[in-house]
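Letters A, B, C, D and E name the chains as they come in the text, with residue numbers starting at 1 for each one.
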Amino acid sequence: MGLRVQAALAGRGFAVELDVADGEQVAVLGPNGSGKSTLLGILAGTLRPDHGRATLDDTVLFDLDARPHRWRPPHARGVALLAQEALLFPHLSVLDNVAFGPRVAGRSRSESRALAERWLDEVDAIEFAGRRPGQLSGGQAQRVAIARALAAEPRLLLLDEPMAALDISVAPLLRRVLRRVLAGRTTMIVTHDLMDALLLSERMIVLEQGGVVEAGPTGAVLQHPRAHFTAHIAGLNLVTGVLDHGAVRDPSGALLSGVRPDADGLAEGEPAAAAFSPADVSIHAAPPGGSPRNVWDATVTELEPRGDLIRVRADDRHGHVLAADVTPQSVAELDLYPGREVTCAVKAAAVTIYPI
Amino acid sequence: MGLRVQAALAGRGFAVELDVADGEQVAVLGPNGSGKSTLLGILAGTLRPDHGRATLDDTVLFDLDARPHRWRPPHARGVALLAQEALLFPHLSVLDNVAFGPRVAGRSRSESRALAERWLDEVDAIEFAGRRPGQLSGGQAQRVAIARALAAEPRLLLLDEPMAALDISVAPLLRRVLRRVLAGRTTMIVTHDLMDALLLSERMIVLEQGGVVEAGPTGAVLQHPRAHFTAHIAGLNLVTGVLDHGAVRDPSGALLSGVRPDADGLAEGEPAAAAFSPADVSIHAAPPGGSPRNVWDATVTELEPRGDLIRVRADDRHGHVLAADVTPQSVAELDLYPGREVTCAVKAAAVTIYPI
Amino acid sequence: SSPSPGGTDAKAVTVYAAASMKTTFTALGKSFESSHPGVTVTFNFAGSQTLAEQITQGAPADAFASANDANMKTVTDAGLASGDAKLYATNQLTIAVPPDNPAKIGAFADLAKPGIKLVVCAPAVPCGAATVKVEQATGVTLKPVSEEQAVTDVLSKVQAREADAGLVYKTDVKSAGDTVKGIDFPESAKAINNNSIVALTKGPQAALGQQFVDLVLSAEGQKVLADAGFGKPAA
Amino acid sequence: MSTTEANPAPASRTGGRADYSGLPRWLYVPAAAGALFVLLPLVAMVLRMDWTRFGELITSESSVAALELSLRTSVSATLACLVLGVPLALALARRHFPGRDLVRSIVLLPLVLPPVVGGIALLYTFGRRGLLGGTLDVLGIPVAFTTTAVVIAQTFVALPFLVVSLEGTLRTVGQRYELVAATLGARPSTVLRRVTLPLLLPGLASATVLSFARALGEFGATVTFAGSLQGVTRTLPLEIYLQRVDDPDAAIALSLVLVGVAVVVMLVTNRISQRALTWA
Amino acid sequence: MSTTEANPAPASRTGGRADYSGLPRWLYVPAAAGALFVLLPLVAMVLRMDWTRFGELITSESSVAALELSLRTSVSATLACLVLGVPLALALARRHFPGRDLVRSIVLLPLVLPPVVGGIALLYTFGRRGLLGGTLDVLGIPVAFTTTAVVIAQTFVALPFLVVSLEGTLRTVGQRYELVAATLGARPSTVLRRVTLPLLLPGLASATVLSFARALGEFGATVTFAGSLQGVTRTLPLEIYLQRVDDPDAAIALSLVLVGVAVVVMLVTNRISQRALTWA
C-alpha cells in the first residue's frame, strides 16, 4: 500500500522511482532545479510525465506504460498539493475555504462547515473562521491552507516548501502544527530546511539533477551523508575518497584523519567518507601548535551569517571549500575578510569516517 | 554637512530626528512596522510628513515648518532609493538601465554608457550589460540595481532591505559588493540582518514604534543593547532592572549575577542591564550541580533552527522568555519538545552587566 | 484644409441631393463638368431630412434637391434659398417584389393578404407618408412586418428576399435593375411625391449652384430623369 | 529575561506612495481637452433640449414602447453575450490552439464592420435565404422581422466587447487558484462555478456593462437585419432616428434617456466591481 | 573537503502547468458557438461575393477615393485619440480627484450613444450654429462638412475604446517603475517619455488598434455631422451604404476590403504587443 511511483520526463531530465509507505512522512530535499516540484506536480496531476506509472493504495494515478494510457485527472486523485503560497480563495471566508474540499466532495453545507471548524481548530486558527483571507498574516494564511488541504481528506498530502515564504518568527509555530496534524498521514514535504526534515519526516529523499541520490531514515542519512548536497544541508563538511591507513585520502591526495565510531569492516582502499561539522573547525591567523591533526592553509572567500554565528568559507589550494562557524567577535579579532590568508584546523576526534 | 532630518507623520505614529555624517553608512534596524520604510520614503520624497525639516549637505529637501512650505520633488533631491525588489526597467537593456541616471541628468548617450560600464564593472556585472533584466537571476538583478542607483551619483543612497528577496547563497556576494562600493558614500541601509549592520555600517539606528530607541556605533550598540529588539537582533538575552549587590534585579524580583568588565561607577539601585548569549545557556533535564550561579526552571515553548544549531525558547514562571542554542544532538538526547519542563543555567562569568 | 470641398484652385459646386437622385444627378454632374471646364460637381447624397438639417446648421451647399416638400420648406423658411423651389420631378410608389414574385402579388390589395411579408416605409419618412395616403385612398389596411427608416431599407429587404413585397418608388425599382421586379398599381397616383430643387444663397459657389438647378430643369435634365423613371411634374 | 519577537504581521513592504503622482503638469491640458471633447456635445444636447416638453416627449406611447423594447432586447443580448462570450474568452485565454490569433481577430471584426454591413451579413446568414435560414425555417423559428433578430444584431456587435475585456482580465487573474481547487478534488465544472467565475467577477461586471451599452446603442445592424416595427423591432435608437424627422426635440429627449440609463448602469457597476476588487 | 552550494539560479518555483487547462469539456460547445456566431456572417458574405467582379469593383474611382479617405481619416482620428486619450487615461488611472467616476462614465458615453445621435450632438457643438461653431467660424476654421468633421466624428466614437482599455493596462502596470525613475533624477516629463509610455506599449498597441478599428467602421455620426461628399467626407462605410442598393456586390466587396484591412492591422499588432510582452 502507500505510494509507488516510477516516472520520467525527458524535457526536464527527470527520472525517479520511489515508494512511500502508508502513513509515512517523507522529506524531499535537493538543490534548486533538481526536480522536487516536478515530482510533486506529476503526483498531483498538473504535470504529465513521458512515461511511468504511479499507484496510491489501490488506485492507479497514471500508467503511461499501459496501452491505452491511463491518466486520472487532478481532482480524482485524492492528492492535495500545498505550495509555498497559501493561495486561499480570496472570495471565500476562511471557513468556506476550509469547507471547500468537503463541499466539492458532495457533503452538505452544514456538515462541511462543521468539518472545517474541526480542522481550523486543529491548526489553531478557529478564531479567523469569519475573516477574509486578505485579513490574515502570512503565517495565519499558511495554517488555514493546511487546514484546507487536510479537510479535503487527501490520501496523499504534498507540501512544496510550506515554510519558505514565512517570516522566521512564525515558522516554528507552523512546524509544531504540521508535526501534530501530519502524524499518520502519507505526506511528501519538499524543503530546503534541515529542521523540517528532522522534525517532520521519518524518511528523507535527496534529489539531484532529476534523480534520487540518497534515501533512507532521516537521522541516518544526515549522520552519514553520501552526497555533498546532503552534507551541506546537514551542515557538515564532507570529504569522499578511499581509506588509507585509517584516514580518508581524497582524489587530490589530501589525507584526513578521523575516528571510526562504528567498528565497521572497512578495509584499506575501500570507498569512504569523512564528515565533520563547521563548528569543529577553528581558524587561526598562524598555524596552531598542539593537538589538531588536520591543518590546512586556505584563503577566506566568503562570510555569511548563520544564526548568531558567522560561517566562514575558505578555499585551500586543492579546490576544496571548507566551512567553519565562528563568532562575530572572532571575525573582528582575526580581521577576517575575503582574501585573507588563514590556517584552518580540525581535531581528528571531531571527524567521523564511514563507508559509502 | 551630511543629512539632518526631523520629521513627523501622525498617521503612522512616526516622529524621528537623526543625523548622518557626510560619507557615513548608517544601518536602520527595527521590528516590522517600526517606520523604517516610512523614514526612507520621506527622505526620497515619495511620502510627505506632516511637519519637519530635512537638509542634505546645503540643500533643503523639505521644510514644512517654514512659511511657505518648501518641498523638493523626488527627482531633484539627489537621493536614490533601492528597494527589496530590483525593479529594473524591463524595456531597457542592463546597460541602459544603469545609464538611465546619467542620461536624465543630461549627459550624452556615449558618456552615459561609458559611466554605466564603469559601474557595472564595479559590481561585477559587466558581463550582463547586453541582457534584458528578465534574463537575470535575482542576485544579478540586485547588483545591477545597485550599479544603477550609484550611476545616478546620488548624494544620499537609501537601501531598503536590499538582501531580503535573495537566495541565501547570493547574499554574501552582494554584501561584498556593497561593502566595496558604499565606502565613503552617505548611505542608510534598512535591514533585519545583524550581518548587514556589522559589515556594512559604521553607525546603527534602531527604530521602534516610529521613534529612535537606540543610536550609536554599531559594535557598541550590539554589545550593550538597551532595547529588547536590539538584544534580539544581537542574539542576546537581556534583562533590565536595577543593580542589587552586584547583580541585576528585574521588576519581577528575579536576580541575575554577572560580571562588570568595565569598572564603571554603577551604584546600587541604579538602572542596569544584564546581557548573555543563548550559546552560553545550557539546558538540563534536572538541576545541574556545580558552578552555574543562575538557574531557572522553565517550560520549552518553541524550537527553531538557527544555522546548524537549534534555538530553544523556554518560559520561566515569571513571564521571561529565555533563548538557548543547543545542537540537534542535544535536542534528541534531552528529548526536547514544546511543553517539556527543563532547567536552564548560565554561568555568571558569561553575563555582562552594564548601566543603561 | 481647403474650405471649398473638391479642389484648391478649381471651382467646385456642391449639391445636396436626396439619395434617390444618386444615379441621375451623378450623370448630370458629369455633363455639367464637361460644359463648365475647371468646375467640379460634388454631391452629398443622403436622406432629405439629414440634408435639410445639415443645411440649416450651416453646411456649405450651393444647391439643394429635396425628395419632399416638408424638408424643402425647412430650408426655404430658414431664408437660405435663392428664390422659390422648383418642382423638377415626381415619383410614384410601386410594389417591389423579388424577380420570381414568390408571393404572387398582382395588385395593391394583395399586399393585405395574410402570410405576406410586406415592408413599407415608416410614416415619418416621405415614402411612408405616401404609403399612408394610398392606404387611406384605397381603404386597404396594410399589415407590414416592418416600417423601415428609409426607402433603401425597404428595397434591400426585398432584394435579400427577406420580404415578399415592399412599397418603394418606381425609380428605385428601375435603378435596382433585375434584382427586383416592379408591379405598378393605379392607386399610387393618389400619392405623388414631389421632388423640388433650389439654389442656396449662403453657398460658396451660389451662381454655379443656380446653373446646376437650371441644368436639372432643362430639357437635357428632364430627359435623364425621365429615363430613370421619374415623372414629369404637373405644371 | 526575554528576547523581543519581531512583529509577525506582514506589513506593506514599500510604504505608501500617496504623495507622488508622477504626471507632468502639462499633461492635464490634453486630458481636460479629451474630457471636454466628449462632454461638450452632451452639454450642447442638453442645452438644446426644450425641458418643458421633456416629460411629455419621453412618455409618448411610441417612446415608452421603444424604451421598453430596448431594455428587454439589450438585457437579452447581454445574456447571450455572456453565454457565448465567457466560454470563448476562457478558451482564448486558457487553451493554446493553432489559429488562436486568427480566431481572436475574427471575433473582433464586428468592431470594425460598419453596423449596416454587419446587418447585411446577418441577413445572409439568418435570413430566409441565408446560410442557416433554410434550417431555421424548417425548424419553425422565424428570425427576420422578429424581436429575436434585434437580439441577434445586438449580440453580434456587442460580443467582441465582452470577449476582449474578459480575456484581459482572465490573463491577469491567472490559473493558480484553479489548480489549487482541482487538487482539493473539484472537477472542472465545479472549479469554473466556484472559483473561476467568482474571481472573474469585477472584470466580468465591467465587460458586461460595455457590451450592454453597445447593445443599447445599436442601430445600423438592427435596422438592416431586423427592420423597424413599433413594439417588435423598433428599439430606442431607431425611434430616435425616426422622431428626428418630425420632432427633433423628441429625438434629443430620448437620447438623453439613453444616456441616463447608460450612466446609471456604469456608476452602479463601478461601485460593484470596486467592492469586489477589495479581495483581489 | 567541500560543501556543495545550492544552485543560485532562481528557477521557476511551481513548475510547469502545461498539462492542466481546467476547462470543463462542455465549455467548448458555447465557445465554438460564439466563434461561429461571428464567423458565419463573414463566411456568408464571402460566399455571396461574385469574385469575378471583385477587382473591378474595389478599384472603381469612387471606391478608391473612399478607401483612401477612410484610411487617411482613421489614421488622423487614431492620432487624435492618442493625443487626447493617453493623457486622459493617465489622469483617470493615477490621480484621485473628486468626480473621477463621473468623468469616466461620461467618457464612456459615446459607446452607448447611437452614432446618429452622436452626430447630431456634434453638429450642435461644432456646427456653424453650434456651441463652438461661432468661435470656430470667427477663427476661420470651418469644421462641419469638411474632412476635419469626419475626423472629429471618428475621434468622438473611438476615444472611449482607447481610454477604457488603456486605463486597465495602466492599473495593471502600476507605478513602481515611475517612482524608481524619479529617485534616479528623472523629472515627470522624462519619466513619462522614458518609462511610462514604453512600459505601456503592449497595451497601447491593442488600445490603438481598437480605436482605429472603430474609427474605420464609423458611419452614423459621420453621415450626420460630416455629410457624404466623395473624396471629402464619404468614407468607405458611407460608400458601402450608398452602393448597397444599386450594386450590392460592390457593397460586399468593399466591406470585405474593410474586413481585410482590419484583420491585417490586428494580426500585426498582436505580433507587436506579444513581442513587447516578453519583457513584462
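Please note the rule applied: contacts are C-beta pairs under 8 Å (C-beta built on N, C-alpha and C of every residue); 3 or more make two chains touch, one makes a residue touch a chain.
Keep in mind that what you see is a predicted model, and the values were worked out from it rather than measured.
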Type of chain D:chain E copy interface by residue overlap (half), same or different: same
Chain pair, most C-beta pairs within the contact cut-off: D-E
Chain C and chain D: spacing of chain centres that average the CA atoms, whole Å: 37
Interchain centroid distance [CA atoms averaged], chain A/chain E, Å: 53
Whole-Å separation of chain centres (CA-atom averages), chain A against chain C: 86
Chain B: positions in contact with at least two other chains: 32, 45-46, 74, 167-168
Junction residues of chain D - those touching two or more other chains: 5-6, 8-10, 14, 17, 20, 120, 124, 176, 179, 182, 187-188, 191, 241, 244, 248
Residues of chain C whose C-beta touches two or more other chains: 53, 156
Sites on chain D touched by chain E in the complex: 14, 17, 20-31, 33-35, 37-45, 47-48, 83-88, 90-91, 94-95, 101-118, 120-122, 124-125, 130-132, 155-156, 159-160, 163-165, 168, 172, 175-176, 178-179, 182, 187-189, 191-192, 196, 210, 213-214, 216-220, 236-237, 240-241, 244, 248, 251-252, 255, 258-259, 261-263, 266-267, 270
Residues of chain B defined as touching chain A within the complex: 32, 167-168, 171-173, 175-176, 193-195, 198-199, 219, 235, 277-279, 302-311, 325, 328, 338
Touching residues (chain side chain C, partner chain E) in the complex: 1, 3, 5-6, 14, 16, 19, 22-23, 42-46, 50, 53-54, 56-60, 152, 155-156, 159, 172, 175-177, 179
Touching residues (chain side chain E, partner chain C) in the complex: 120, 123, 127-130, 133, 142, 144-148, 223-224, 227-233, 242, 244-246, 248
Parts of chain B lying in touch with chain E, wherever the complex brings them together: 44-46, 73-81, 85, 87, 89-92, 100-101, 103-105, 132-134, 137-139, 148-149, 152, 154, 167-170
